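Structure in structure tokens, see below.
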């Protein structure tokens, strides 16, 4: 009974907090830019408004175009639910290890990119093409990070990693730092944040994610926006679970542990939001083809991390 | 004796004769017989594996008179027979309708069953001679099948390249066997197994085996023949060539390296790993650059062969270091990928065949919007695309996931070279997988989505059920294996028990969660993912449609306010691949782009020219060809001498020999 | 009279008869009949091995070569019957020449059979010289400038070769004489073979060099091969068939006999290396030459050189397996190559040209003929499931275990040659075909008989044949 | 009787040497008729050698060989060639591919080679055969050398025939060689063929072209 409840908590926590995180980032950015900015709850309002609007569909949009938003949201939601947020060892967490998690996000992206191609406009094509290009570089980097951790923990399943890092004092390893750096770059790329992409841009030629979803409207758009928010939160909780696993509840027996876990989780989110805002206000967007270097760099960081780990293990 | 395979072989023979005799009229019976035979093979092989796979052998008084022709069926060959049978059945079924669209079925019918028979024989041959005879017969049959479209000059050059490369491979294998037999006349595998080579010779044998089997499987840099040949053949044949023949080649590799070669040396694993990584990466990069649907698929075959070879390399490396549990894992990953690739690659080739029948187009730049006109084909092709892109919940991902599981444990290998090679190869593999996803977004997006770019695409019609059913079956299998991989992995246990006797084999205790190294290690469940996603999606649909809105209006695309653009303005495959071409192509293919932008007011059309160079071809094959041609020219002068000169040659030869004798005594 | 006499008498008598017989149609038929009789006679020794006389001998080595020769001569006469009639019909060959042609055909068969069954070095030499003279006349049969030039070249080169061979023969006698005493026995195979160990090795070496160069010229080993392509290309196709299929074998048979002698003498130089070198040279040279051929008959003539190279290499390598392979390859090559020349004959008659560039798309325009050519080339290129593959398999596997580098060279040569053949084949057999009449299935009979045998041999070798081969392989050392 | 044996040996040796020297003379000679004459002399010496061997080994059949050599080689063939030269009015002077000097040098080298080769032939073979073998071998090689260094058809034929003389020399030199007659007859047939060919093809200059100019066409293959 209790595990089921906790799962439910996990799922609902995600949908509940994701827009808040986005809202927080926007608010802080606005503040840092010297604007007042919209309220923290603005994202909720946007989503609800979109949900209530009717969908305007291009004449030759296929079933794939209409099905994608639901699939994407579901997939990302599930993926996010697999990452430990406030507690490890939830029932579903066995469903996929880190690799499968990345792949599940890949499926969602696959669907989104296809949707971008479906209507047959040039902007959709640009969006999909660039999105896939970025992903094709980000995924290997991500996997390199996973290797690094896996080499340490001998497992790629998140609960194991988190618990291992909680139990053992691995100390500050160079490789772990490199891994963290790589993972952050990947997170930025995957979530279409500055400097890779600008979620708030309205200049078509610079759009990546926005261009891809250009033809979406109404509830579909809402789902896709929502999915993006959940995904951002997913990465935050991923970084948290792997590198800052403090306070994750391990026995579901006492409610206090759970409560602490949730509390700490919210704090972690807030901190991450602040970091994002600071980072994004401090730098400008890159040209699309500079990304290759950035992400290639991430890939190399990952590889380096793995190799450093070998060395440190052998010596 | 081998009743499992005898009957199918007889059927193939009958079908082939029918094909020779009947010509076009024999189409239905030939494909029915072949399908029947293949089905029998699959059924028999599956039962054989399920019943513990006790090896059966037979010796016929054929082949080399003093040893006869040995045949043997064991777990390994049975597994590949299963792959062969399964694919062959559905492909033959597909061909019942598709075959009628060949321009000269008379040139396909006799060789199609012969091709299947040849592959089956390779899988059961148990002595070097019969093995090579069957191997080359398989090549010959497929060569003739490729030549079915002999009217096109490009087909002829493809066929030529194919046969020559195949023969080079056979040559290498032949020398390898010669090494094992050590100049003796006994080529039975049973004897060769016993032959203990010194390290140097066994290394040479390894090299020969990799060249021989690799050239048939399409391992870079021996892959050059594969894309043109597979693209030129009729689609149902392409499906067999890509789906099965390359696997038969890998069977040869496994048989030689895991079974005959004796104890492995660790560096074999390293070589295979790097070769595999290179193959996977280059293969997929070539594919992204391609706009010919069938060539693109063929290049993906190269990529997947690379992935399998990586698995085999890991298995060898672990085996050489006596880490048998992980060796079993890597082997299982490789073999499962063999199975999976056979499924989705056949599905995709059949799909391309359906598109070909409907539109007579292979160039993706002329297609588009087929999802509306060929909904079923589109749907199954989508499943195939997701599967080959190694995305859950389909089968392609499971095998790659297993490979990754083996890779993350690569740190247990003692040798430093391997320690560093494994993560590097892991990165290559990840990159390859990601690029495969890029490539198939491109394929599905340009062929099936968007709007038709040319009239034939607009006029396309869905193909008949005879073609749809096999494709659907393949798609269903892709899903099934993706959700319950344990079913196939279970059949693999006897194989690893045979090749790695002292390994426990992978853990399949849990039917829902796949945890190959035991419950306290990484786990994955395609089934749960599928269920959860479907449930959540359904929930979302219900909630949103119930409480928010379900209204919907059709109106022209927004497209940032551009008025209804013509289909030509759609993003093409070329433009889709452009970022990749710029990032990787410039390095690997020396890709260059020349943009010619007319000045304002100049009515000239703007042009963008992209040029690619194939490093392998221009680095290895072109020079070789030039060398041969040069030598031919030089030596050819001998044809145009006067009798006196010829006499002088004779005189010179005589005096030389006399001198040799004078010196030697 | 023993079967050997029958084997020899039949063609000899036929030759005389045809020289007198005016009507060429009748002669063409009788030619087949005579060949059939010879074939029948050549089978007898398998059941009743005739006694060895000072001049004639049938042993395990030549018994199957005699049968093979008679057989190919028979099938060729079948092919030739149609061929020459057509040549006369199109006026390429004056009817008068046919009398001469048939007489010479039988005379040629006689000389070859004599060379095979000769128990005496001198007789062997005379027979091979006779074979040369008869074939020279046949090569020149068309009286075109090309034909005469080819015949003349053939004659001069082989004449010199023959002369050298004679010197070698004399030397052998010189070596034998002290041991065996003067007189016939010292020139008799069956007599000297057992006692060769006592001969003077120095003279044997000298003799072998002359015999290798002399008879090697007729085998067509590089660099003595120059006569071969033109002689094949310019003569009537049936003659090309017997030249490639039989004469080369007979000459090689002579070389092997002498190799046997040397193998019997411990102190003499090993003949192996010399044969390896010449075989390899022929193989490599021919395989590259194939690429530049424009004339279809020259193409296959060079492929004959290539295969003679392989066979010589195999025997040079020595050892039970390699020798076995060599013998098998001799058989397979003569069957396949003569069949190919049958096909080529039909093709050039139908298309009215021998230029490769002007022949294409045969499988489309003449399916039967086209596919026959495909089978033939696939077989001769050494691809399974044909018999040639078996022998090449054995040659390569055994030699790689002993001489890796040489084996690699052989493999390279084979692959280069295969490339050329396949390239030409695809042009000839596939691609857009033009019209032209269909060849009658009956005319195809000889071809398909040969192919059937070659295919069968690739899959199953009958025990007795294997036993002979193995026995001879042992003798060859 | 040793003396007699010595005489037998010396005479045989002497005749062999004549034959050898005459081959050199053939190599040296530049004028066509002179070449014929020298050839006739060589044939004559050969006949003498054969006859002597017939007497020495008392092998009567060698007398036949001698007779053939005398009649056919020393008389008929030279005359026939003479007629042909006149009839086809062939150039009377010889065009050499290799200068006389170098040719002679090579010739000497060849003689050295043949001696080198025959030396290991132990005494078992007998001094007689040993010497005559060396001579015969040199004659054969010199004949071949002449064939490839002369451009004129006739002189090439002569080269071929002197090569044959070497063969016969060897044949008669060895003790009790059977079939010598048959072999020499068979060979003469071939020689006859060549001469017939020259006559038949009207070969004026070089028998490797038959006076036909564009040769590539005749190889059936344009380069």
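Should a chain be cited, it is by its letter among A, B, C and D, assigned in written order, with residues numbered from 1 in that chain.
Heads up, the rule we're going with is that contacts are C-beta pairs under 8 Å (C-beta built on N, C-alpha and C of every residue); 3 or more make two chains touch, one makes a residue touch a chain.
Keep in mind it's a predicted model, so treat the numbers as computed, not measured.
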item: Among all chain pairs, the one with the most C-beta contacts; value: A-B
item: Whole-Å gap between the CA centroids of chain B and chain C; value: 44
item: Chain B and chain D, separation of their C-alpha mean positions in angstrom; value: 69
item: Interchain centroid distance [CA atoms averaged], chain A/chain C, Å; value: 78
item: Rounded Å distance between chain C and chain D, as computed from the means of their C-alpha atoms; value: 31
item: Numbers and ranges of chain C residues touching at least 2 other chains; value: 152-153, 156, 160, 164, 202, 206, 292
item: Set of chain D residues in contact with two or more other chains; value: 117, 120, 144, 147, 207-208, 219, 221
item: Touching chain combinations (by label order); value: A-B, B-C, B-D, C-D
item: In the complex with chain B, residue positions of chain D that touch it; value: 97, 110, 113, 116-117, 120, 141, 144-145, 147-148, 151, 156, 206-209, 215-216, 219, 221, 223
item: Residue ranges of chain B in contact with chain D within the complex; value: 636, 639-640, 642-645, 647-648, 650-651, 654-655, 658-659, 661-662, 665
item: Contacting residues of chain A [partner chain B, same complex]; value: 51-60, 62, 64, 70-71, 73-75, 77-78, 92, 94-97, 99-100, 103-104, 106-107, 109-110, 113-114, 116-126, 128-130, 132-133, 135-137, 139-140, 143-144, 146-147, 150-151, 154-157, 160, 204, 214-215, 217-219, 223, 288-289, 292, 299, 302-303, 306-307, 309-310, 313
item: Chain B - residues contacting chain A, complex; value: 368-369, 371-372, 382, 386, 389-393, 397, 401, 404-405, 407-409, 411, 419-420, 423-424, 426-427, 430-431, 433-435, 437-438, 440-442, 444-446, 449-451, 513, 520-525, 528-529, 532-534, 536-537, 540-541, 544, 548-549, 551-560, 562, 565, 567, 569-571, 575-580, 582-583
item: Parts of chain B lying in touch with chain C, wherever the complex brings them together; value: 61-66, 128-129, 132-133, 136-137, 140, 147, 150-151, 153, 156, 159-160, 163-164, 167-168, 171, 174-175, 177-179, 181-185, 187, 628-629, 631-633, 635-636, 638-639, 641, 643, 646-647, 649-650, 652-654, 657-658, 660-661, 664-665
